[in-house]
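Both of the next two complexes hold subunit A, though its partner changes from subunit B to subunit C.
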Partner chain A sequence: MAGDKGPQADKIAAGLTRRQLIEIEACSRCGECLLWCPVFPHDPREEISSRGKLGRIRKLAGGIASPSDEAALLDGLYACSACGQCHVVCPIRINTPELWEQARLALANSGLLQPEAQIQQLKTIREYDNSYGKPRAQRGLWAERASRAGFFLGPVPTWSEQQSEVLYFAGCTASFDETMQPVAVQSARLLQEAGVRFSILGADEPCCASKLRRMGDNEFRTEASRRAEMLAGKKVRTIVVSCAGCFKGLHSDYRGILPPSVEVLHLTEFLWRLIREGSLKPRHEVPLTVTYHDPCHLGRHNGIYEEPRKVLGSIPGLHVVEMKRSGPFSACCGMGGGLKLARPDLQKKMSAARIREAEAAGAEAVVTPCQTCLMGLSAGAAAAASSLPVFHLNEMLVRSVCPEITFDTIAAGLKSSDGQGGRSAP
Partner chain B sequence: MGVLLACAAYAVYAAFICRLFFHILLWVRASEQAFTRPAYAVRIRPNTVAVTALDLLFLRRLFSQNKLLWIGSWTFHLSFLLVFLGHMRYFLNPVPACITCLQPFGLVAGYLLPLSLILLLILRTSSGKNRYVSVYNYFLLGTALVISLSGLGLRVFIHPDLAEIKAYILALFTFRPEALPQSIVFVAHFSLVLFLLPFLPLHMVAAPLVTLDARRREDELRTVMHER
Partner chain C sequence: MPEITYYKPWVLFWVCAVLAHAYMDRSLWLKWSSWKRGQPQSSGRNWTFGSVRIWLMEVLLQRQLLGLSFTRWMIHLLIFWGFLCLAALSLFLFFLSIAGSIGIAGGLREFFLRGSGHALAKVWGDFFGLCLLLGLTAAGIRRLIMRPHQLLNDQGDGTLLVFLLWLVISGFLLEALRLGQAHHDMARYSFVAYSLAPLLAIDSMDAGQWLTAAWVIHSLSGIGLLLYLPQSKLMHSLLAPVVIALNASEEQGRKDIYWPGIKGHRPTR
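Coming up: the complex of A and B.
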């Protein structure tokens, strides 16, 4: 690179791909991203916006950034949920979420420190292979305990017990966070209701490691390759994922790492397939007006807008109303991109704002198909002092298919059964 | 003064070319390798190129989001292009027929350009969003507005000696700078253009590449999404 640039500028420029170096120059400074960014209303500084971040990356890569530019960029990059809204509204279609991730990586490599909470989280994932810092052996306990409590139609085998073509991947949150374990239990039960022959990985299930990518960790590729090799070795045909973050990880970040013969589906895609084929039949009425919250990693990042809505639409009695911002324009709840670790204050405000939007839509409840959004929105309801309940999409389907295992029933059942769990991080 | 302005013009144009060259060099030398290797890379199809061209020609995304802003932005870009092409008659001798043909459109565009800039300024500042418009936005829009108004003034009210201006520009371009034309407004108009050039964003060059790549990635995603 040019000799007048500092070592950091060199590293940052070298850390960005050709496409990204062109992207930072492509911004027309129109400011459309700023109007839509879900963080900006809660922290209205230029560096928070996509336009502001791009400007500072441009300066860094061009070797003309001042220390205050560096500080502002770090501030903006980590006060961002990488929700992709700015990409969706950008008239030039700059691929901002990928740029933020790559810039985080380039900055970390150039010696600019990331927020301490994120460093700790990444350390935990590398050390424990989960984001909760729990022993790996506890990962499959949700299934054992739910089985003992009688929530399943039959055993939920691990892959070593039954080498099936379909694998249910629960993810760290639904495996370790006892408040979210009902999501995994309901997912497995719904698959059973549809007669799907599937298995789980139990204690062998790895963390998808997508958080390493989200937060700009160098080790992502190595870690992902190791996991992909393990998954490919099992010769599964379909991996069903119930967390939007893990879905983005396994489906999108593992592209080129996981063999293309392995199909990675989000649970809602798979459920809709089962409903359409007639193997899963929503029977009971669920007389409720709900609004659907699109998780960023499912919607904007992967274009899955229809399937979850079709699943909801197949439930008798359930009425779906849309929020002012939905589909590609759905406002982020703030749980992605490590934002909650770096700026928990912003996350709370974002989810509270989303809850208010749901209330304004006239919904009696908010439904989302991602356990991480579920956690975020629930915290948002508390922050907004709202009584609006927040449900996982599974809950709606369960009420229509097998109403005896509602979220609350499972939560109470798992609590009273022995074993471990408990909530810690992220 | 004439020599000074000529030197400034050479410096500004040289800097602009160097800036472009520097960026192109940076892009060529940069790694093409994305963080994860695209396994399902889709080649750019003619259809993708056509869609990208429509995106760029009609600013389609802006149209779908903000119709008023689209009117301002699209009118600005179109009239800027026509005015720019119209100005070619001062740089080329003999003037190509196609440039001559464009003159009536250029004339209309000369009125539309400041109007579109005023509309953009009004829309941006009336959005009610805190700091939606940056200082840079004000600077760019403001300077462009003064340039376009001075250009319109020259054309409609001042009527300077166009032959003299053309001779000055051609001499400048053939590295034989001559004395400045008489018109003060022309000198101001020309100086402001020189002043603005270093601050122009490079999106004119980079945006088409980015939009094309974004459309290609959409194709790629479609190939790996299920049942689509």
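Coming up: the complex of A and C.
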């Protein structure tokens, strides 16, 4: 009886967990998800909402879906940043972000594939081990070039040069995208300022492969296991990650894959630890009123709301105001879950909406600890014709600790150095 | 206390009840089989004393919904508790009656069916019936008149609402008809039906037929619920408590519980 729903339906059901199949049926269709969804205001169709997606997954897994249901589900499922806002407000607390990712995988395995742009991105990641399609050898160039430009207090060693317990994991965006490389440079410099003995993996740093999970690629677990084995073999105690996406990957998606003895921390958690211990001392005044944008992967998905705010709170002169939606209710900028690839139009509108929220809060700038959100919100500010600057959290701390290496200074310095790089949008 | 006697077609009732129950069981079993196609997943958290608190706050008191909207919370709680307590009363009286017939009920049967416990059962039934009626009426007003932006109004939603309303109204009408024929002290404890009784005054010669008809209609409507449950969104009333408890318990484990923070936020539209 269990296998009587048709081969495709059975394949989709087999791709989900039993609990997820029950969760789909437990939805009371109250529509709370639709009220809070950051995508829905920009594309108000039922299939965009969680309720619409749940109903269609139920039909597909039950073998009663029409071709239009299939099309609507694919449309809705990929026009979603899997931000998890619907999970937070759901009266039944259906774990939607996990469900969407698992459903993407289950659908792909049943022959209902991802949008073309995502398929290309997945191919690039598998082929190049980064989302930019660049040779792996270029991955550590940011450190070499920054070192040559004199942005560091001393050398930033690779793990083969110095086997340290703390590893800084820069991630693809801060490694390859030259507009975001200052994030990696500032991160490393802040660790140096605090006297942390750390190393980087340089050209050996792998892509965390979490995008495979986000977009429903079957290879994720295999790829993650391979990377976890490599990281575990290095006997690293703490991995510090500056990218919220990589953090979710290494911290949450690798749970059960990476040995529990390896501590994965987001940079903001580590920085707050250093500030609290007194190793990192914000000294200079930063007279600015900023608002903090919670990255979904950090906040809703991993419960990190306080540490970044504490870091900002430790900076003299810096005043933080909250947006109308913050913390677990923070509106997504649209950069996650592959939405930017599938529906760039929506992503831009979402970021613009977030910028308008920040303006309404009376902030002079938006601060976020995620380079992907930084990219999205910067584009959103342009789309909203807003002059509100968007900063990485590092920038605020750098202005207080080592103001000589601001984001713009590093960007200009790296550009004028002889390295390669350049941006090719994923 | 005078007994009101009228014909109750028990054979018809039991045949229908057994068939409907069998159908419901089969439908639920098919659903279970369908869910078993998925991958096994552990809850990720052992049951502890904290789980009891989660059941109380999240499932029974629905605090997440309270954070979102007081009106919706009140409507939901009226329906949820009204339905739950009426079902509990029916089951209690059913098992008491069986226990009594096989001689293991002791004095309980007399106490609840004929003694002063009867007053408690009457107040209980009418109070929670009234809760259910108020909740369903408010849900109907919200769904059909206020029509908030997020609500979907398809056939299934309307059918379920009308069905549940019919069930509770037919119950009150049956009780009112019954009280109209028996003027005893206990009647006033059925305070809703007691107020309706004068409006339904019928000739005592025809009363038996009317009571039988009302009994058949109410009983078969109740049995109809068994048939309708697995096919309707009423399924969420069975599944949601389990899902809420599991997810809420894991969220506390992750220290990511969002109450009372949710009260300070509203969608920016």
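Basically, the second predicted complex is superposed on the first by the 422 of 426 C-alpha atoms of A that agree within 3 Å, B and C clash if a C-alpha of one lies under 4 Å from a C-alpha of the other, contacts with A are read in each partner's own complex, and residues count from 1 in each chain.
Simple rule for what comes next: a contact is a pair of C-beta atoms (placed from the backbone, for glycine too) under 8 Å apart; a residue touches a chain by one contact, two chains touch by 3 or more.
As the structure is a prediction and not an experimental result, all values here were calculated from the model.
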Notebook entry, point to check: Put the two structures on top of each other at subunit A: do subunit B and subunit C fit, or clash?
Noted result: clash
Note to self: Which partner chains sit in contact with A:Ala14 here, subunit B, subunit C, both or neither? Use first/second/both/neither.
What the structure shows: both
Margin query: Taking the superposition on A as described, I'd like to know which of subunit B and subunit C A:Pro260 touches: first, second, both or neither.
Written below: first
Notebook entry, point to check: Just subunit B (first), just subunit C (second), both, or neither: which does A:Leu105 touch?
Noted result: first
Check: Touching A:Phe220 in the superposition: subunit B (first), subunit C (second), both, neither?
Finding: first
Next item on the list: Give one of first, second, both or neither to describe whether A:Gly327 is in contact with subunit B, with subunit C, with both, or with none.
Entry: second
Notebook entry, point to check: Of the two partner chains, subunit B (first) and subunit C (second), which one does A:Glu357 touch, if any: first, second, both, or neither?
Noted result: second
Next item on the list: Kindly list the residues of subunit A that each of subunit B and subunit C touches, one partner per complex.
Entry: 1-2, 13-14, 16-19, 21-23, 25-32, 34-35, 46, 51, 61, 89, 91-95, 303
Check: For subunit B, which residues are in contact with subunit A within the complex?
Finding: 22-23, 26-40, 55, 59, 61-62, 65-66, 69, 73, 124, 127, 129-134, 136-137, 140, 201-203, 205-207, 209-211, 213-215, 217, 221, 224-228
Checklist line | Touch list for subunit A against partner subunit B, complex | finding: 1-2, 13-14, 16-19, 21-23, 25-32, 34-35, 44-46, 51, 61, 89-95, 98, 101-102, 105, 213, 220-221, 224, 251, 253-257, 260, 263, 265, 269, 273, 302-304
Next item on the list: Report the residues of subunit C in contact with subunit A in the complex, numbered from low to high.
Entry: 30-31, 33-41, 62, 64-65, 68, 72, 148-152, 157, 233, 235-236, 239-240, 242-244, 246-248, 251, 254-256, 258, 261-262, 265, 267-269
Notebook entry, point to check: For the complex, which residues does subunit A have touching subunit C?
Noted result: 1-3, 5, 10, 13-23, 25-32, 34-36, 41, 46, 51, 61-62, 88-89, 91-95, 300, 303, 324-325, 327-329, 331, 357
